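Some structures are shown below for you to check.
After this come two complexes, each holding chain A, first together with chain B and then together with chain C.
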Partner chain A sequence: QKLSVDVLDHLEHLALVDFRDSEGVERLQKAIQFAEQLQEVNTDGVEPMDSVLEDRWCLYLREDDVTEGNCTKELLENAREKVEEYFVAPPGNIPLPKLEERETFLQSS
Partner chain B sequence: AALTDGLRSQVSAALKEGRVTPTELCQRCLALIKSTKFLNAYITVAEETALKQAEESEERYKRGQPLGILDGIPIAVKDNFNTAGIETTCASNMLKGYISPYNATVVQKLLDHGAVLLGKTNLDEFAMGSGSTDGVFGPVRNPWSYSKQYKEKSVPKSLSEDEESDWVITGGSSGGSAAAVSSFTCFAALGSDTGGSTRNPAAHCGVVGLKPTYGLISRHGLIPLVNSMDVPGILTRCVDDAAVLLGSLAGHDPKDSTTIQDDFTPFELPNLTDVSKLSIGIPKEYDAPGLSSEILALWSKAADLFKNAGAKVVEVSLPHTRYSIVCYHVLCTAEVASNMARFDGLEYGHRSDVKDSTESMYAATRREGFNDVVRGRILSGNYFLLKQNYEKYFVKAQKVRRLIANDFVKVFRSGVDVLLTPTTLSDAAPYTEFIQEDNRTRSAQDDILTQAANMAGLPAINVPTALSERGLPVGLQFIGRSFQEKQLLTVAKWFEKQVKFPVIQLEEVKRHDSGVFQHQKSASFS
Partner chain C sequence: IAPWIPVVGLEIHAQISSNSKLFSGSQVQFAAPPNSLVSFFDASLPGTLPVLNRRCVEAAVMTGLALNCSINKKSLFDRKHYFYADLPAGYQITQQRVPIAVNGSLSYSLCIDNKMSQMVTKTVRIKQIQLEQDSGKSLHDDTRCQTLVDLNRAGVGLMEVVMEPDMCCGEEAAAAVRELQLILQALGSSQAVMAEGQLRVDANVSVHHPGEPYGVRTEVKNINSIRFLAKAVDYEIQRQIEELENGGTILNETRAFDSKLGCTVPMRDKEGKQDYRFMPEPNLPPLILYDTKSLPANMNHQQVINIDWIHERLPDLPSVKREKLVEQYGILPEHSFTLLNEDGLAEFFESVVKQTQMKPKKVIGWILNDLLSYLKQHSLTVKESPVSSFLLADLLNLLEKKEISSTAAKQVLVELWKGEGKTPLEIVKEQKLELLHDQKELEQICQAVIDGQENEVIMMVLG
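This part shows the complex of A and B:
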């Protein structure tokens, strides 16, 4: 089954990563095809496994004690855009342009 | 002295007795790194800080107070571990110029033991790949490409052909670390192992590659790929050294809640002489399609070695083996899709100039920062996690994972102590041949023998076994019970002693810088 442009567009939105070219789309097609083999396995009555340590360990919470911090300066050093102690981001709440309006390989498909 | 004697009886002893100083050792390694630059094993060489660490180590030796076996020992770290003050790139444009503000726990532990950090090694971008060919700094060359052993077996080329073109890959994704250890530029290196990324290059480069049990060594500071499978890997020249490294790294870390809370006691490996109480399992499904007849024969020979020495050798079955690569493919891409979401240019790493909106800035940043392989996995992962696909792919894969893990439980419960399998399907391919297939295809082929151990969280180790017809290293893999590293390594050590894997004869390096190499050799093997 070929993937619809809608699904591909949806994925580009979710992942915020682009397919770039037909090879990119083909890569996904092949990946899905490869994954189909899973359907051959009988998993009736089998519980999904989240972690290999499920028997040994319950995710624990530690005491809410402050043990480290005060490293604002170090953390800000790696950011490109900052003002005082803030990371600066472009305006939010603006959705990614629709397929027709943005520059994407998918437009031509 | 033999190659297998390692740190404890060779370099560390030499340091303790003053036959060589930490600064001399460090300088020799740095010089060797320079003369083997064509291997492209290192992304960053931390010359100044390494020399400073070596000087501090020297002071400790002078006072007669070394911190232990690792004091003054030059080591290298894969470039996906955070190292304070040193660039950490993951071989990606996304993190070029990123200077870590902290040390990964494993890096800190090595430094606390006095190890000298020479630099960061090359890898596939974000550790995705099985060749160490897909990083932004270019591919890593296998040192064995320049060995006498390989050149002797090569078909003589016509004078007009570029002699350089038939070099072979290191395997991956920890290829830089494996090449660094194999070419003597360091005594041990850290890699990471999610699907075989430490054991695969170890096999191709003729070094020991240990994947510890999931939960034994802290992942804090290791830039994550698949949180439920990633482990730091250890690459050394002999099994004893792997035990030494393990001793300094294992144990609960409050900063990584997936490390088990049990106490860990470092151990020395006994010299096993009697294997009659040992039960070795040979999983028949590991005779996988594509396995070279050469490696099949070697594996069989190894099984006989154990049998003739009195061990019980039994054929066992891990019926879901052939689905583990598909299962891995789904779970890996799903976790990757989640883990890569942190790279948006806001707090660290590459940031695009696009300013219209947060979303378009993120999209542009990721467009510019990630290569095809990374983007491909993110998109696949997102596909498998879509509401309409979640049960069919992701949850299904989690169920298959349980079946795979249970296969191992059943086999170990039946009395088998350790499993013996091949590590790779063949010896190292020439680069020009390797790149003819895409990354996903290659990974699916090459991870087949290694990644079930990651699925089940079990410890596994590659032990260099013999040279192939082409004069290249071939290794075999031992898989052990959860948290039974001592037993696993004891068996591996016994096997290592029996096979006497040959020392690499690096002609090229010898020609370029014979003095350094000779000294290096004498420090290791005198």
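This part shows the complex of A and C:
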């Protein structure tokens, strides 16, 4: 099954990825085909497995102590822009323009 | 015109009262210097991993038990993906597939027709309670066209309580949330102060005709107090009814409540239906809880959470406290509601009762009518009351011993409010409010009054 332009456009919006060209889409197609092999296994009546340890306890519980934080300076070193000690971001989400309004090879396919 | 049935459901986010965050060791605190309570994990730096805070799990179990839920002995964590500047990872860790608690109920009371004397009990079903991360805070700077981001709140533990659409109006929604707030505060699992963002409520509202399927629902956000919750819900119900009666349709959209205008408006940033692409959180195995039966023999205590152990240690819930007050002191149920509704008032009442011979049934009148109305008039909390329980008990004792009349007592109370440090007895002496018990003295006074008003007396005798 070929992926429709709508689905590809939807994915580009959701994940903010750019498939860039037909090679990128082909790579996605192959990845899906690879994963779909899982459908060949009959899992009727089998509970999905979340962990190989199954129902045995294995999630570590931490004590409620304050052990981290107070590294404002270090964290802000990663910021391209800062104001006092705040990170700066655009005023809202800048959505990907609609398919018709952006330059993408998806339009021609 | 056929009647409309409004349907209201609620999604409530309660910040867990804990020292550190849900998945990291940074501190949980309101109002700290920006980005000072942020760990590398909270800032979503590569190579960091979530580590679950035991206290947060206990808080969720306590809350689930208090709300009569079934606690899922195995619950799972998932990622909910969306982009926003205050969500550095690009996803929130939540419990979408199997939450920690399901299928509970909450009972709350309402006054019929605004009369305190007629209370009715209602129940709302609790669909589920899930553990999830809070996001950071965005401060919108419109003048410079930018958003300032503070991640202090990012990663703080939340309990999302989902209430089924069993409510029908703003009053019911407000009463249900108020009761939940009191329960959370009694448990200590959340301080639930709405003004500090520790309790956030989103309302889902729709209307339909009897016998017909539920209508399209809208989500109402940005509700900052219980009072505004009632207003927002009632406004939205009216808006939908008017829209439909005028032949319009309701959009499945998210709206924000504008408290200044008292109305709901569509929210700009929410375009179309969100696809969160839920996936299991690969860095967290299932959360397993135990009870006394299933407790494993040789395991480190610190790594085990026993639901029964927590159940045994639950404090008295508000409904139980009210029953006890009614039983112990012979006050009316509606009195017990008012006592618990005001922080510290029940303790104040009990303290006065201990220090006075006056019967609790009489004391309650002084607490609810005089003390409380004064506090409300001056926007004071019980803790800030210039009249202590000691002073009030002292005054009530004078009244009980018939040394003063109840009118005089009220006068003394007015004087006590000034907080000048005088005792009730001192005020009585100052203002000469002592009751006269001497028969002769009373007769003399009455005679003097009659003698001074001869004409009026004649008029009265003639009828």
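Here, the second predicted complex is superposed on the first by the 96 of 109 C-alpha atoms of A that agree within 3 Å, B and C clash if a C-alpha of one lies under 4 Å from a C-alpha of the other, contacts with A are read in each partner's own complex, and residues count from 1 in each chain.
As a convention for this text, a contact is a pair of C-beta atoms (placed from the backbone, for glycine too) under 8 Å apart; a residue touches a chain by one contact, two chains touch by 3 or more.
Please read all numbers here as calculations on a predicted model, not as lab measurements.
Colleague: A:70 in the overlay: touching chain B, chain C, both, or neither? Say first, second, both or neither.
Modeller: second
Colleague: Is A:92 contacted by the first partner chain B, the second partner chain C, both or neither?
Modeller: both
Colleague: Counting touched residues of chain A, say whether chain B or chain C comes out ahead.
Modeller: After superposing on chain A, more of chain A is contacted by B.
Colleague: Pick one for A:41: touches chain B only (first), chain C only (second), both, or neither.
Modeller: First partner only.
Colleague: Kindly classify A:16 by the partners it touches after superposition: chain B alone (first), chain C alone (second), both, or neither?
Modeller: both
Colleague: For A:51 in the superposed arrangement: first (chain B), second (chain C), both or neither?
Modeller: both
Colleague: Check whether A:59 is in contact with chain B, with chain C, with both or with neither, and answer first, second, both or neither.
Modeller: A:59 contacts both chain B and chain C.
Colleague: What is the contact status of A:83 with respect to chain B (first) and chain C (second): first, second, both, or neither?
Modeller: It touches chain C, and chain B stays clear.
Colleague: Which chain A residues come up in both lists, the one for chain B and the one for chain C?
Modeller: In the superposed arrangement, which is not itself an observed complex, chain A uses residues 10, 14-16, 50-51, 53, 56-57, 59-60, 62, 71, 75, 78, 87, 89-92, 95 for both chain B and chain C.
Colleague: State the interface residues of chain C toward chain A in the complex, per the touch definition above.
Modeller: Counting only chain C, the residues touching chain A are 18-20, 24-27, 33-41, 43, 45, 51-57, 74, 76, 81, 83-85, 138-142, 145-151, 268-269, 271, 275, 277, 280, 284-288, 296, 299, 302-305.
Colleague: Would you tell me which residues of chain A are touching chain C in their complex?
Modeller: Within the complex, chain A contacts chain C at residues 10, 14-16, 50-51, 53, 55-72, 75-76, 78, 83-93, 95.
Colleague: Give every residue of chain A touching chain B within the complex, in rising order.
Modeller: 7, 10-12, 14-20, 23-24, 27-28, 30-32, 34-35, 37-41, 43, 46-53, 56-57, 59-60, 62, 71, 74-75, 77-81, 87, 89-92, 94-97, 102
Colleague: Help me check something: in the complex, which residues belonging to chain B touch chain A?
Modeller: 98-99, 101, 214-215, 228, 254, 257-258, 260-261, 320, 323, 326-327, 329-330, 333, 337, 344-349, 351, 354-363, 366-367, 370, 372, 375-376, 378-380, 382-384, 386, 392-393, 395-403, 405, 438, 440, 444, 456-457, 482
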